[in-house]
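See the structures that follow.
Next come two complexes, and both contain chain A; in the first it sits with chain B, in the second with chain C.
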Partner chain A sequence: MTKFTVKDHDMVPEHVLLTPEESAAVLAEFGIEAPQLPKIHVTDPAAKEIEAKVGDIIKIMRKSPTAKQSIFYRLVID
Partner chain B sequence: MTVPKRIGKIRFGLISPQEFRKMSVVKIITADTYDDDGFPIEMGLMDPRLGVIDPGLRCRSCGGRPGECPGHFGHIDLIAPVIHVGFAKLIRKVLRAICRDCSRLMMKDNEKKMYLEQIQTLEKLGQMTDDTVNKVFAEARKNKTCPYCGAPQQEIKFERPLSYIEEGHKLTASDIRDRFEKVPDEDIQVMGMNPGTARPEWMILTVLPVPPVTMRPSITLESGQRSEDDLTHKLVDIIRINQRFQENREAGAPQLIIEDLWELLQYHVTTFLDNTVSGVPPARHRSGRPLKTLSQRLKGKEGRFRGSLSGKRVNFSARTVISPDPNLSIGEVGVPMDIAMELSVPMIANVRNKEIVKTFVRRGPDRHPGVNYVTRPDQRRVKVTDKNCEEVAEQIDIGWKIDRQLADGDIVLFNRQPSLHRMSIMSHRVKVMPYKTFRLNPAVCPPYNADFDGDEMNMHVPQTEEARAEAEILMRVQENILSPRFGGPIIGGIHDYVTGSFLLTHRRKPIDRRSAMELLKKFDIPELPEPEGIVDGEPYWTGKQIFSLILPKGLNLAFKADFCYNCDVCKNEDCENDAYVVIEDGKLLMGTIDAEAVGAFKGKITDRIIKEYERSVASEFLDRMTRLALRGIMHAGFSFGIDDEDIPKAAADQIEETTRTAREKTQQLIEAYNAGELEPLPGRTLDETLEMRIMQTLGKARDTAGKIAGRHLGLDNSGVVMAVSGARGSMLNLTQMAACVGQQSVRGERIKRGYAGRTLPHFRCGDLGAEAHGFVESSYKDGLNPTEFFFHAIGGREGLVDTAIRTSQSGYLQRRLVNALQDLEVKYDGTVKETRGMIVQFKYGEDGVDASRRDYASADNVKRIIKNVLKKESV
Partner chain C sequence: MRLSEKEISEKLESVNLPLSIKEALRAGLQGQQVTEVQFNEIISTVESDYEHSRVEPCEAVGVVAAQSIGEPGTQMTMRTFHYAGVAEINVTLGLPRLIEIVDARKIPSTPTMTIRLNQDYAHDRDLAREVAWAIESSSILHLGSIATDLAEMNVLIELNPGALEQRKITATEVADKLKEETGLAVALKENLLVMAPEEPSYRELLQLVEKIKRISLKGVEGIKRVVIRKEGDEYILYTEGSSIKKVMQFDGVDPAKIKTNSINEIGEVLGIEAARNAIINEATDTLREQGLSVDVRHIMLVADIMTVDGEVKQIGRHGVSGEKASVLARAAFEVTVNHILDAAIRGDVDDLKGVTENVIVGQPIQLGTGDVKLVANKR
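Let's turn to the complex of A and B:
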């Protein structure tokens, strides 16, 4: 089987690694601490691909039938 | 408020005999409870150190008063060990897995290591270890000799409930305990147990904890006699046998007697723990009633979990049968006088209402809006009676509280189980009425899913201002017309309301002055509109004009009615079926009002009114609509009888013809199949193709029959009116009654089961024809022949089973879903969080939209808004 990049797949929403400043801004926006975010494993194929490390925050942009785009954040855990 | 505490860890394990003794405050040695003076006997079952239940005394262990002291455990030293019934199965497993000589788990060291690692990984991942542990037991049992000491193993037979038999000898509890004591810690871990918290020998009891008196209080009967709790009775038995056992053993009684007593002790301890063990006769009370022992207290519907912790009982509530009353507002509930006089609302006398309060008290408890109790400022409650009411009324002063009987206008919560969504509990205004049933407007049946075939509903009376405010602001029927499930009105016309609106507004039937006045006599409408026309010098009006009178001014709306025929090209305003509804400035210009306009779950008009006006306008509209619709149906007259299913002879012949050709066509298909001329459909076998073609042919036959019947049943037929307006039933139901019932099916296929090669002995083996596989040619009106009837029963049974299974399965599914989601909350910033503040969604439902407040984002809506705005500008 040939290897393929997960993020090129149609069903995989766009994953973006946030910079520390962006991460801080996200946490400030929602007034929460990082552990209160939903989680994603470092071993997750999508997280691996963007080389996320434990403690990083990943921004996921999904297509939504009602809101066009919905933005989701996930904290990388091991 | 107490600070919420977070539970760090819960550990389950077995309690060791040492621990039992450590937590015990007293060793119980005598079976007696109280002495002749009524004082508890020391070291007896009611020892004062076990806690207090008598008011005024203090606990000898902790010094607490009754209610403060939680009670303390005691213990009984059992003379011989006994098996704990709850672990009988596990004891069997362990017994078979360990060596009878050296007590090692019979498995090679490397295997043990492998399984141990597996268990530890699973535990780390927080997953179930059951499968692995069961594999360990199964593997260990296979050995015929011990791999460590080489001792040959014997088969251990387990006989319900509590005997383990090896080589024809019964193993005693002490034998088992001896074996278990020798099991090394490493082996226990491989068996999935933690040697620190659960050693196998602890499954055999040597010390029995005695529950504190607080959980087995004795009751003093009116005669002054004490009646002990079932648990106490059981403990008395245990102690008695224990003592006898000891005496006999010390006296050196024969082995037989010792064994008997041991068995008896085992029996009493077993029933103390669980009185429903199969194979053990339940311990009974003197009266013959089985005792309620430990596990009976916890198990089942009335047990501690389902009955006491998840379930609660309430005061200020009532339950009775419901019945309809279309003259009530949708926000009202008719309450029987008997209930109104029992339930009450608290009122506190103050400067302003003191005199009013006094008049209530003066009425006493027997004249309706009266008072049942008054509470003085010192919290003493006084029952108001016919005799003392005058006297009590005079004493009333500021600060006194009265329990005023429920009266018209009070707000109450009304509920029907199962409470599946929030509209299952809504608040209504009370209307006190005669007779014994709750009355409600049939338009509020859909949210409760209620009907009047004997349904009962519950009513609760809020007792504080806060509760009343919440009920009024959040839970009123008006606030719940729109369902958050689909954003449309869940409250609306059903059955006759829809039929009535349809009959009133269909076409332009002339209505004379007298009838028009009668239709409107329930409304405060001072004047009739301009008449539609004049016939024979008499003015006449139409149903559309009358209906317009209950529509709010300024309402604009256009939509297709429910009975729209879905023509290929919609002629919109020029629809010749009167199925295109146009409302302009609150006037019904054309179209017919049916389920699509005012029905529950659909209700375009209700929906529009709610979104453009206030909720009170919508509820007012529903009230008027229900009343007008009933006047409308009475004005026209409406009934459905057996002869409404009659069709003319010509049509019946035509239907006969249709079914005959269908039967012939089926026969042709079968012949083609037998001759091998049938072409299989792509991806199907020949057999499947034949089945599909036959099903198709017969299905078409029924549809054609239905169409023929439909041609002869017009809007003068009440059945058609109901089906077409969306009030009840469908054209298919009418077809089945008047023309042809059609193919009966099981799992979407023709009926095939029964005898070998045939469904019934009436047919030849291998007959593939229509009537041999459940095609019902007759109509319900004509009646079914015996074979048809049988096939119909088969199909009908499948339907019943399906609904029964569907409701139970979807109910459980919903329960699990609701349990998982019940603590989620939409916060003010639009995020969805659970109780610890963990984010579940960053924006509620991705778009942050409340389904019941959105207005469908369609181009149609934009047009309407522009029209509305421009018109207002131009005026």
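Let's turn to the complex of A and C:
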């Protein structure tokens, strides 16, 4: 059996680490600064799994009961 | 020119609508004969309807959510306990549970897990039972009886061979574990364990007995009971006590489907996004169990605001309400004097931007019609 990782759990949505270019595009789209985004801790199990560092932006593909899929962004903090 | 299904699919991909609407459109358009003009018209109608249905900027969604959850909440029973199934596992439900969720308590009053098993284990009662026994915390009382010998100042533990076999633990293992936990010598004769307290006093002897009773010999500590229930053709384990991190590692357990009602534990083991999902699921289930239906969007908003900082924080004095920028808004909630006093000492300024503080000072709130400012156009 392969080792279980956090992202395999039903309740954990897909987390994707954004490149600096993608991050800039996201911020430009919303017209905000990075600290205005919702946060996620570096120690968060899901953030650790994708090896996120402080200051990175994580894109989260949530399963939404209303829209089926919704996209959310979180800024990695310590 | 009729559009082929493939073309419809491709065109739908590029439309800026939620996935659920796109899928409904795809299903609706399947097998229909539509031209490109008709297709574009359908899409623009749907898009404009969707725009209309969206929440307007500056809408007070928080107040609406509070009302929408609060009103059905008044109809919830104060009855705390409920027994899930015949096996009777105690779970807090109703209003106390809802309060527990929004208060983000570290440990719920009745922690419980729902464990689903792997395909190989799920349909076999004996295998399911084996997993259950491996997980359930076994104390000495599960394995035999304990007695004191006052003449010899000894604790006598008689182990039941049947129980040992059932829980897959040997007498030697029990003896080793007891030795490790108490730091005392354990004499093993067949199925009889003899232990003596450090000092031969009556008090020490009784204390030792109590200590031995509390030691978890096998299984996961804190899992007081495991109950097997058959749902459909699958055996599912329900536990009293929660520890998903440890239980995930057991053979036969499906780690991807394990659930617990301890939101804080989910946050620690699976991350903040999983905790958000847990809040939504737990709150919806609690309300639904009482026969109340609250739109999931209100609950999603609550879950979002509780998890926005990367950790689960409560709605209340030590969480969301306590972090409001406005002094007056905080003072209006709880511990009024402290907030006003602290603000006076620090020399805080209230910008009167929010709803509460404007109601307090008697100004129109900056929402709806109050948000519109008119400026005279001098000609």
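We take it that the second predicted complex is superposed on the first by the 75 of 78 C-alpha atoms of A that agree within 3 Å, B and C clash if a C-alpha of one lies under 4 Å from a C-alpha of the other, contacts with A are read in each partner's own complex, and residues count from 1 in each chain.
Please note the rule applied: contacts are C-beta pairs under 8 Å (C-beta built on N, C-alpha and C of every residue); 3 or more make two chains touch, one makes a residue touch a chain.
Remember, predicted model here, so these are calculated numbers, not experimental data.
Engineer: Which partner, chain B or chain C, touches the larger number of chain A residues?
Structural biologist: C
Engineer: First (chain B), second (chain C), both or neither: which does A:Lys53 touch?
Structural biologist: neither
Engineer: Who does A:Ala67 touch here: chain B (first), chain C (second), both, or neither?
Structural biologist: both
Engineer: So, does A:Ile32 touch the first partner chain B, the second partner chain C, both, or neither?
Structural biologist: first
Engineer: In the superposed view, which residues of chain A touch chain B and also chain C?
Structural biologist: 38, 62, 64, 66-67, 70
Engineer: With touch defined as at the start, can you tell me which chain A residues reach chain C in the complex?
Structural biologist: Where chain A meets chain C, its residues are 4, 6, 8-13, 15, 38-41, 44-47, 60, 62, 64-70, 74, 77.
Engineer: What residues of chain B sit close enough to touch chain A in their complex?
Structural biologist: Contact set of chain B toward chain A: 829, 831, 833, 836-840, 842-843, 845-849.
Engineer: Inside the complex, what are the residues of chain A that reach chain B?
Structural biologist: My answer: residues 30-32, 35-38, 62, 64, 66-67, 70-73.
Engineer: Quick one: which bits of chain C touch chain A in the complex? Just the residue numbers, please.
Structural biologist: Listed in rising order, the residues of chain C that touch chain A are 18-21, 23, 248, 255-259, 266, 268-274, 277-278, 280-281, 296-297, 300, 304, 307-311.
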